[in-house]
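Some structures to go through are shown next.
Next, two complexes with chain A in common: one pairs it with chain B, the other with chain C.
The block that comes next holds the complex of A and B.
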C-alpha cells in the first residue's frame, strides 16, 4: 500500500515539473547535448552564410584543423574532470615535438647528441616519453607537494618553454629534413570526396579509447569521483593522490602522441608553440560541457567542443568576417557554457 | 563477571591521541566494542566522537596509541584497509560522490568487474550486476523511496542520501559497522527503520558503533553507552544502570562515573 502512495506522489511530482526543469534534468543526464545543439546551429548558420561551408573539401579541412586541439583536449578533459587544469599543455607538446624532431634529425645547432642514432622510430618513442615525463613532473608537483594545478602548470609552462629553447636552440626543423615516418600522421586518405588525415583517425581512436575507459572502468569512475568530491572519494577507499597522479601521466602520454601528430600536421617542428593552443584545449573542454569544478563532463562533449572552435573559425572566414568575431564568439560560448554548467548543477529530481 | 572479562573486543582502542595542529581531538581515548553488541558513543559537539571512530575506519591515523581488531594490532592507512578487516563506516559527512549514481556510490572503491576477458583484460565494470545488487540491498533495507538506481546522488533528498550511505555500509560490513549520526537527516519512519536495522545487524552477530545525539534512540538500541568528553572516555554505562539525565550529566562533566559503575565488559 505504501509503495502505491509513493509512486502516485512521484507521478504527481513529475507532472508538476516545468518544461525548463525537465530540460535541466535532461542536460544534467546528457551534458554533451548543449554543445551538440550549438554545433548544429553553427553549422546551419555558416552553411546559410556560404554554401561552400559544407563542401567535402571544406569539411575535410575542418577535421584537419581540429586534430591537434582535439587530441590535446582529451588530456585536458581528464585533468579538468579531476578539478585540475593544465596550462602547460602547449609548452609540453612543443618540448616533446622538438625532442622528437631533433633526435631524428642531426643538427649541429642542437645541444642534444643524436642519441637516437637518427632513427626516426626511436625518436618518436623518446619524444612520446618526453611527453609522459612532462606529465610525471606536473603530477609529482601537484600530488607530492600538494600544490594547486593552476600554479604548478603555470610554472611548468615557463619551464618547458625554456627547456625547449635551451636544449634545442631556436631552430625550426623544416619539412625536407624531416623523415617520412615523422610526418606519417599528416598523410591523407580518400573516402569518397573527403580527404582525411591519418592523424584524424588517430584522434578518433583516442576518443573512443578514453570514452570507453571513463565510462566503463573503475579508473574512469574514480577520475569522476576524485573531481566530484575528493573527501568522499578518499573515504570510499580511493587513493585520490594516485588517481590524480595517474591522470597527469596519462595526459603526458597524450601530449607525446599529439606532438607526433603536430609534426605530421604542420610538416615542421618549431620551438615557438601556437600561443592559442593552451586556451583552445581548455575552451574545447568547457564548451563541451565539462565542469571546471570537476566531476562532471564527457569526452564526447569535448570532441564536439573542439569541433565548435574550428567550425566557428572556418565558418567566419568563409563568411568573410574578421577573426576578431571568432574570438568574440568563442568568448561568448565559454561564458554561456559555464553559466549552463552552474544551472545544471542545481538540478533536483 | 569473570567469564565475560575473557571476551576479546572485536574493536579496541588504547590511549589514542589525535591532534590537528594545536587542536587536540583525541587526548588518550580508549574504546572497546565487543562481538554482537551495539555500543552507543555520545558526547557534546567536539567531544571527539567522529575523530575516534575515524581512527577505526581508516580515515584518520592516530598520532599515538594502539588499535586492535580481534585482539590483533592494526594500523590503518586508508579506509580500504579498514574495510578489508570487515569494518564499514557511515561517515557523518556521508562520503558519497554527488555526481555519481546510487549504484556507483554503493560500489565506489570496490567495483565489480565483468567475468572473463572483458573484466580481466579490458577491466570492464559489471554495471548490470552492481545495479541489480544495489537495488537488492536497498530493498533489503526497506528503502522504497529510491526507485531509480541510476539516479545521481545529488538529485536525492538529504534523507535519501543518508539511506544510500547506510545501505553501502550494511551491504559490505562483515564484522563491524560504524554509524556516525546515521539518523540526523532522516524522518520518523526512516529513523525507526535504521534502528530496526541496527538491531537486525546485532542479531546477525555483527557489532555496531552508533554515534547519536538522540538520547531516546540511544537508550532504545544500545547495549552499552560510551560517553566521550574532551577527547577522552568519561565512562561507559548501560541504559539500565543510568538514566538519560545521568548520561547528559556525564557528558557535561556534572557527574562522574565511579569505577564500580563502569560497564567495561559486555553486558550479556
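The block that comes next holds the complex of A and C.
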C-alpha cells in the first residue's frame, strides 16, 4: 500500500519536472555526458575553423599528445574520487623518469649514481618502483600523519623537484644517448590512415583496467564510498585509511608507467617538469565530470576530459591562434565544468 | 549532507591556506629590496672571511653571481661549468642560480636582488626578458658590474656589456645554407620558436635572421609575424616560399614534437624546418619520422646551438645544419672580466660587427657546405663535435 503511494508520488513528481530539471537528472546519472557534449561541440567548431582538423594525421597527433596527461589523469581521478588531490604528480613523474634514464645511461656528467649503466629493462623497472615510492610517501604522510592531501602534495611537489635536481645533477639525457627499449612506447604503428602510438595503446589498456576495477571490484566501490562519506564508509566496515593509502600507492604505480611513456613520447629525459602537468591532470579530471569533493565521477569522463584539453590546444593552434588563447580557453572550460558540477549536485535524487 | 559541507569547507580552507602561503612567499621576495641595505652589511662581513678560507688563490676575492635561464638546458649547464672552472682558477667566489624554467622572470629578479644584498662585485646573467631590466638597473646603481651572457637585454645598454653569440648572424647562416640547399626549389617552411605570444630577443633574432639569410624580407626584426606568409626568397638560385606555421615550443623536445605535429597538420608538404635549438630539432625529427618523412631528403632541419648531442645529430643526418655557439667561452670570459674590474683593471670593449656587444663567435656545422653561406665560417660535423659543449 505504502509502496504504491510512493510510486504515485514519484510519477507526479516526474511529470512536474521542467526540461532543464530532466537534463539535470540525466547529467547526474551519466557524469561523462556533459564532457562528451563539450568534446563533440569542440570538434565540430574546430573542423569548421580548419577542415584539416579531422584529417587522420591530425587525429593521430591529438591522441599522441594526450598520452602523458591522459595516463596521469587516471591516477589523479583515483585520488580526487577519495576527495584528495595530488599536486606533486608532475614532479613525481619527472623524478621517476630521470631515475629511469639515468640508470640506463652512463655519462660522465651524471655519474652521481654508482649503479648507472644498467640494462634498460632493469632501469625501467626501478624507475617504476621510484614512482610507486612517491605514492607511498604521499600516502604515508596523508594517512599516518593525518595531513591534508593539498598541503602534503604541495610539499612533496618541491621535495620531488629538488631530489631530481640533486640526484641527477640537473642534466637532460638526450635522445641519442637513450636506449631504444626506453623509447619503445614512442613508436607508432599504422591502422589504415591512422598512426597509433604504442603509448596510446598502453594508456587505453590502463583506462580499461581501472574502469573495470572501479566499477566491478570491492576496492573500486570502497574508493567511491570513502570519497562520498568517510564516516559512513567507516561505519559500514571499510578501513578508510587503508583504502586511501592504497589509492596513493596505485597512483604512484601509474606515475611510474607515465614516466616511461614520457620518455617514449619525448625521446629524451629532462629534469624540468612540465610546469602545467599537475594542473593539466586536475583539469582533465574536473572537465571530465569528476567532483573535486570526491565520491562522484567516472574514469571514462577523465579520458574525455584529457582529450578535450588536447583538442582545444591543437584546434586553436590550427585555427591560427597563439598560446595565450589556448591557456584562456582551458581556464574558461575549468570554471564551466566546476559550475556544471555544482549545479548537477543540486539534483534531487 | 552535513558531512559533505564540512568537507567542502575544509577543502576550501586548505586551498586558501595554500594560496596564502604562496602569496606570502612572493611578497617576501618582493620586499627584499628594502632589506638590501642591512643584508649588504652582513654580506660584507662574510666576504672578509672568504679570502682566508681560499688562501692565496683568492688574491682579488671578487664575488660573482651567474644567473642562467634554467639549470637543465645543456647550454646553461655548459655555461655554469665554464664559470666554475674559471672561478676556481682565478679565485673568484662564484654563486650560481637560475630561473625555474623559460619565462620565470621572478626567479631571476630574486637572484639579482640576492647578489645586491650580498654586496657582490658583478653579475653574469642570461636575461629572461625585459622584465628583469629594472632589477639589473638596481644592481648597477648598487655598483655591481653586470654582463649579459648569450642574450642581450632590450635595450642593450641596460647592462654594462654583453658577451654573446650574434644570434641574428647565427640565424642568417642557416638561412643562407637552406637557400643554397634548396637551389631554386619552393621552400615550405615550419618555424619552431620558443614563444609565439611573447617578444624574446634570442627568439626573433634567430628566426627572423634565418628568414633574412634566405633572402626573405623581414619588415620588423622584433616581430616574428611580420614577414609575409608567401612570397619569394632571393638568396642563391632564389624561389618561392610559404611560411606554414610559427609554433611555440618552449625550446624543448616535447614542445618540438607537438609543434611539428601541429605544423604537419596544417601542411604535410613542409620541406624546411627552422628550430630555435637542437632539443627542439630532436622533437621535430621524431614527429617527422613518425609521419613517414625522410630527414635530409624530403625535409631539411636547421637549428642553432651546437651542443654535443646536436652536432652528433648533424653527423648522423638528423639535422642538416646548425650554427654552433660557445657558452663555455662566454661564461669564462665573463668571470675573468669581472675579476679584472674588481681588481682595478680595465673593462672589456665591444667587438661585434654592429659594435653593440662582445662577439664570442659562431660556426656553421654541416657536412654539406654551401657557397651561399657568408655569415659564418663552415666546418664539418666532426670539427664541431671536437669543439662542442654539453
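Just so it is clear, the second predicted complex is superposed on the first by the 337 of 349 C-alpha atoms of A that agree within 3 Å, B and C clash if a C-alpha of one lies under 4 Å from a C-alpha of the other, contacts with A are read in each partner's own complex, and residues count from 1 in each chain.
Note that a contact is a pair of C-beta atoms (placed from the backbone, for glycine too) under 8 Å apart; a residue touches a chain by one contact, two chains touch by 3 or more.
None of these values were measured; they are calculated from a predicted model.
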Chain B versus chain C as contact partner of A:238, first or second or both or neither: first
Touched partner set for A:229, first chain B, second chain C, both or neither: both
Touched partner set for A:158, first chain B, second chain C, both or neither: neither
Which of chain B and chain C A:314 touches, first, second, both or neither: second
Which of chain B and chain C A:118 touches, first, second, both or neither: neither
Touching partner for A:28 - first (chain B), second (chain C), both, neither: first
Touching partner for A:216 - first (chain B), second (chain C), both, neither: first
Touching partner for A:322 - first (chain B), second (chain C), both, neither: second
Of chain C and chain B, partner touching more chain A residues: C
Which superposed partner A:296 touches (first chain B, second chain C, both, neither): first
Intersection of chain A interface sets (partners chain B, chain C): 229, 231-232
Contact footprint of chain A on chain B as seen in their complex: 57, 59, 78-80, 83, 89, 91, 93-100, 104-105, 108-111, 113, 122-125, 127, 144-145, 147, 151-152, 154-156
Parts of chain C lying in touch with chain A, wherever the complex brings them together: 3-4, 7-8, 10-11, 14-15, 17-18, 21, 70-74, 77, 100-101, 195-197, 247-248, 252-254, 257-258, 261-262, 264-266, 268, 279, 282-283, 286-287, 290-291, 309, 312-313, 316
Residues of chain A that touch chain C when the two form their complex: 50, 52-53, 55, 57-58, 61, 64-65, 83, 109, 148, 150-151, 154, 165, 170-172, 174-177, 186, 188, 195, 229-232, 262, 265-268, 270-272, 274-275, 292-294, 314, 317-318, 322-324
Chain B contact footprint on chain A (complex, rising order): 2-3, 6-7, 10, 28, 212, 216-219, 221-222, 224-225, 228-229, 231-239, 295-296, 345, 347-349
